[in-house]
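A quick write-up on the structure given underneath.
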Amino acid sequence: MADHYSSFERGGKRWFLQRITAVFLIGVLAFHFVLLHFVNHAAEIEFAGTQARMGNVGYFSLMWTFLVTATFHGVNGVYNALVNQGLDGTQKKVVAAVLTVASLLLILQGTRVALAMSGVL
Amino acid sequence: MSTQIEEQRETEEEVETEPETESPGERRRAVKRERAAQREQEVETALDEAEETVELKVFRYDPEVADKEEPRFDSFTVPYHKGMTVLDALIYARDVYDSSLTFRHSCRQAVCGSDALFVNGRQRLGCKTQMGDLEWPVRIEPLPHQDVVKDLVVDMEHFYEQMHAVEPYFDPDETPDGELEEQRQTPENREKIKLSTRCIWCGACMSSCNIAAGDNKYLGPAAINKAYRFAMDEREGESRKEERLRIVEQEHGVWRCQTQFSCTEVCPKDIPLTEHIQELKREAIKSNLKFW
Amino acid sequence: MHEHDVIVVGAGGAGLRAAIAAHEHGADVALVTKLHPVRSHTGAAEGGINAALHPEDSWELHAYDTMKGSDYLGDAPAVDTFAKEAPNEVIQLEHWGMPFSREEDGKVSQRPFGGLSHPRTTYAGAETGHHLLHTMYEQVVKRGIEVYEEWFVTRVAVTDHDDPEGRECHGVVGYEIKTGEIDGFYARNGVILATGGLGQAFDHTTNAIANTGDGQAMAYRVGAPMEDMEFVQFHPTTLPSTGVLISEGVRGEGGILYNEAEERFMFEYGYANNEGELASRDVVSRAELTQVNEGRGIEDEYVHLDMRHLGEERILDRLENILHLAEDFEGVDGLEEPMPVKPGQHYQMGGIEVNEHGESCIDGLYAAGECACVSLHGANRLGGNALPELLVFGARAGRHAAGAEMDEPKIPTGPAAESEAGEVDLPVEPGIVGDGSDPVAADGGREADDSRARQTRSDGGAVAIPEEVLERAIEAERDRVDTLLERDGINHADVRAKVQETMTENVNVFREEQNLKQALRDIREAREQYRHVGVADPSRTYNTDLIHTIETRNVIDCAEAITIGALAREEFRGAHWRQQYQERRDDEWLKHTMLAWEDGTPRLYYKPVVLEGHDQTYEPKERSY
Amino acid sequence: MSQSYDRGTVESFGRWREFSAGMWAWILHKFTGWILVGYLFTHIAVLSTSTQGAETYTATLQGLEALLIVRFLEIGLLAVAVFHILNGIRLLFVDLGLGLTAQDKSFYASLLLTAAITVASIPTFLGGAL
């Protein structure tokens, strides 16, 4: 067990990032909810309104960062939960790969959506 | 007095003469029957005399005995008295009803850590749990998340391996020169590690931990607490502390802790295990970020 | 078969210290223990470790206090060696990381203790034993010393020369509890017994359930004499239902003892008009039992120890641990009600006769710790002297067994040290029952005792080939276990309970001739019954029924030795109180009580006390504090 | 001779009845986490309609919002998100070593606060749908 000493990379960095993203997400998720359910009611959302918001560079970058951090936080959380249940060996590698690919696709698609919303695409 | 001596003599004569007519085996069985009848009588009187009796439901399993190969629960009715512990009740059940009832026990005072059991759904030391504080009937099982060797005895091998994995021994960077020269330690530092040194290796924490149940490589609360005991001991020195942090910050080390506090809640020595694990996480992050 | 240079049986304080010492002297050493090492009963020690560390203190003072405490039955070379080496051992422990309580300047704290002329007791909270045990086990792990845990040693393998001093020990036979496997441990250099106490000979004891006198009984049966077995320390404040110790600290802080009529009996009945509750352990124990025997006990069993008047704040500050003990083990809230207490067996001063190197009279057989009698504690052990004893003499036994060069021992051992034969009027024959024809004899019988095998060997000669000695011992143990498992018989627990009850009833704090004789009769009866024991659990897997049955045999032998010694010694010395003999009688009794197991029969003899120490000769004085 | 009885994961996890506060907090945090990550993927999928033009996007969103079930699911989503946030704050404090002895109380507080916020937001969510 103790024969291989692992570096910070083995778990500590992801643990730390999970906390840092959490702090960020607490604020942004709350903001997102308030903005799109209470300030603007979800039922009244139209493309125009979305485009207006996304046209703002600050809002756009906030939402894009939201996407990336949420994806990391969520997917990393899923991965940890699986590892905690004893996922190991090849299985673990496969799951890690699948989750990474899924994350990248999500971010890619999310970025496309965001660009479409901001009217760039 | 004198009559007693004579009675004694008579029994002795019997012993001398009887083997002539009876085989030792027959005699043994006769004695056994006699004792069994006597015992039954005693048990009945004990149960009658006791103001209260309590029922134990005890997990039984023995891979070698035909009717115990499939795990089952046995019930024992035990006379209750004030101050009776779960261990007392188990000993009564074993000595009076079934001598094959198996469990570890030794000191009876919560320092040897032998009798951590799953009592009414919680990890507890049998010797320091009052029967009067429990809901009756009392259900007694071996510690969860560990293989059962027999009845209430679990295999502790994995627990010991995890304890040994953190290099659980004092190993200072340097020792004082003089033979009678002691290392200095501030009372504050001694106080800081005090609770962590109380661990009795009972395994209750490890058994209560959901993460340890799923991830067999997870060091577990007891071993991490052991690492804490040395990493925080100022006598060992900085470079040894770095090495210790490297052991606990491996993937299956401190990061696996999900702060469920189950270990802290069941610890019979009241060691704040989760707190110690959390402190090591922070120490590990700090030592890696360096600028903290 | 496992093979090592040194085999240490038992992994409490003495065993661990011995193993480390032997390892440091280059020996391939293994620990064989029926419990995992951290479960050993050393862990229950509370008080501390005496050692003369202060510059104003000296080993001579420590030695003097120890000798006085022993009521001049300690052997001076042992006492001197002990006091000289204790400081090094304590500092060694500190270097191994023991979490001692500390002073502001970072040095190890020392506190005063009963019978000491200087505050020299080092401690780690009220859990000194726990820390000592764990610290040393950690060092064993660090050194990679092999540990065979949950292996129960059932027999010592010794050659069968007629004269015990001609015998050699070549190993032990062990039973692996988890699997039921029986195997031999061949010791190239020596076997060190460090099996601890025998409290289970009494039904009320502070000792663990595992403390069944295995080492004492095994060594005794292969020819190493038992020394001063009648000296048993009883602690006055133990909880009635479990025997858990309530520290002397409660009385030290001002706790008061009351009888059923709520009289402060220590004063009202004049047991100790000056010291009251703080009189020495034996005085308080005797006072409590007198109250109970005269009908003033509570539930005819115990007295009350009341600390409520000390106030919640003070109790929580200094005696918090006691509140937990009373609550957890007796269901009593010490803040709300008085705690029930009664005297309980605590420590065995006597044991396997050894010299300062831990050697018994059998070549290659060592003993250390509570199972041994060097003799350091003589008739009474001082608080805080047990832990340094196991360090000093554990280390010495380990070194010697590993082949280290050491001085000529000054304490003689074996039958050659006999100064006079003993005579005692026993009501029944002691020793084994019957003709010993019962093959493996749960009783042990003559077969289980090497002397019988010696007599029955067809070639008439002594078995001298070491491997053969061990092989034969393994065979005997396999037979014994097979028979116990196969045959039908009574439960050992009845037999053990009988011995424990009679010991507590008759060989307790008070010793009266007729009671001692009654105990011997009861023990005899127990031996009779033991011939009919069987193990009901047929399983080879973790069969505690079997283990306890074998232990019970050891309990019987130890109980008998204690009682014979108590009946023989016609004086009042230290912990040994005889109703008819209310004085210490140095003219006649300044000698050790010895028991040798000869062909299954205990033989009583005496050997002189060695009062000539390293630098000085001790003069017996009146023991008053 | 020696074999042992492995009780298996199922039996081990059958012990949820005996879970304590901290263990429930963990279970709920995982559970809400799974829902949120699932929702994140779904959310992006729904928003992807924006790449097919403004009308499709508006129609899809308003079509979904017209369904009562979606409104209720949204309330559920809010509850899940609020709990995950509050318990997440609780966990951050635990990571900082603050308030460890009150960890069970802070869990109960998170539950109560989640319930309060959820109930209070019902009118907003159901507004216009009934």
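Lettered A, B, C and D in written order, each chain numbered from 1.
The rule is simple: a residue touches a chain if its C-beta (ideal position, glycine included) is under 8 Å from a C-beta of that chain, and two chains touch if they have at least 3 such contacts.
Just so it is clear, the structure is predicted and the values come from calculations on it, not from any experiment.
At the far end from subunit D, in terms of centres built from Cα atoms, lies C.
Chain nearest the geometric middle of the protein is B, using mean C-alpha positions. A straight line joining the Cα centres of subunit A and subunit C is 66 Å long. Remark: subunit C and subunit D have CA centroids separated by 61 Å (rounded to whole angstrom). Subunit A and subunit D have centres, each the mean of its CA atoms, that are 16 Å apart.
Inter-chain centre distance (subunit B to subunit C, centres taken as mean C-alpha positions): 24 Å.
Each of the following residues of subunit C touches two or more other chains: 178, 540-541. Shared contact sites, meaning residues of subunit B that touch two or more other chains, fall at 63-64, 149, 167, 210, 214, 258, 281. Looking at subunit A, no residue sits in touch with two or more other chains.
By the touch criterion given at the top, residues 1-7, 9, 11-13, 15, 17-23, 25-26, 91, 94-97, 100, 103-104 of subunit D touch subunit B in their complex. On subunit B, the positions that touch subunit A within their shared complex are 161-162, 165-167, 210-211, 214-217, 219, 243, 246-247, 249-253, 255-256, 258, 281, 284-285, 288.
Contacts from subunit A toward subunit D in the complex involve residues 19, 22-23, 25-26, 29-30, 33, 37-38, 41-43, 45-48, 50-51, 67, 70-71, 74-75, 77-78, 81, 102, 106, 109-110, 112-113, 116-117, 121.
Note for the complex: subunit B touches subunit C at residues 1, 4-5, 8, 11-12, 15, 24-25, 27-29, 31-32, 35, 39, 62-65, 81-85, 88, 94-95, 98-100, 102-114, 127-130, 132, 149-151, 153, 156, 160, 164, 167-172, 175-176, 179-187, 190, 193-194, 197-198, 200-201, 230, 233, 235-236.
Note for the complex: subunit C touches subunit B at residues 35-36, 38-41, 43-44, 53, 87-88, 91, 94-97, 99-108, 124-125, 127, 129-131, 134-135, 138-139, 141-142, 178, 208-210, 239, 241-245, 325, 328-332, 427-428, 433-434, 438, 487-494, 497, 514, 518, 521, 524-525, 528-529, 531-532, 534-545.
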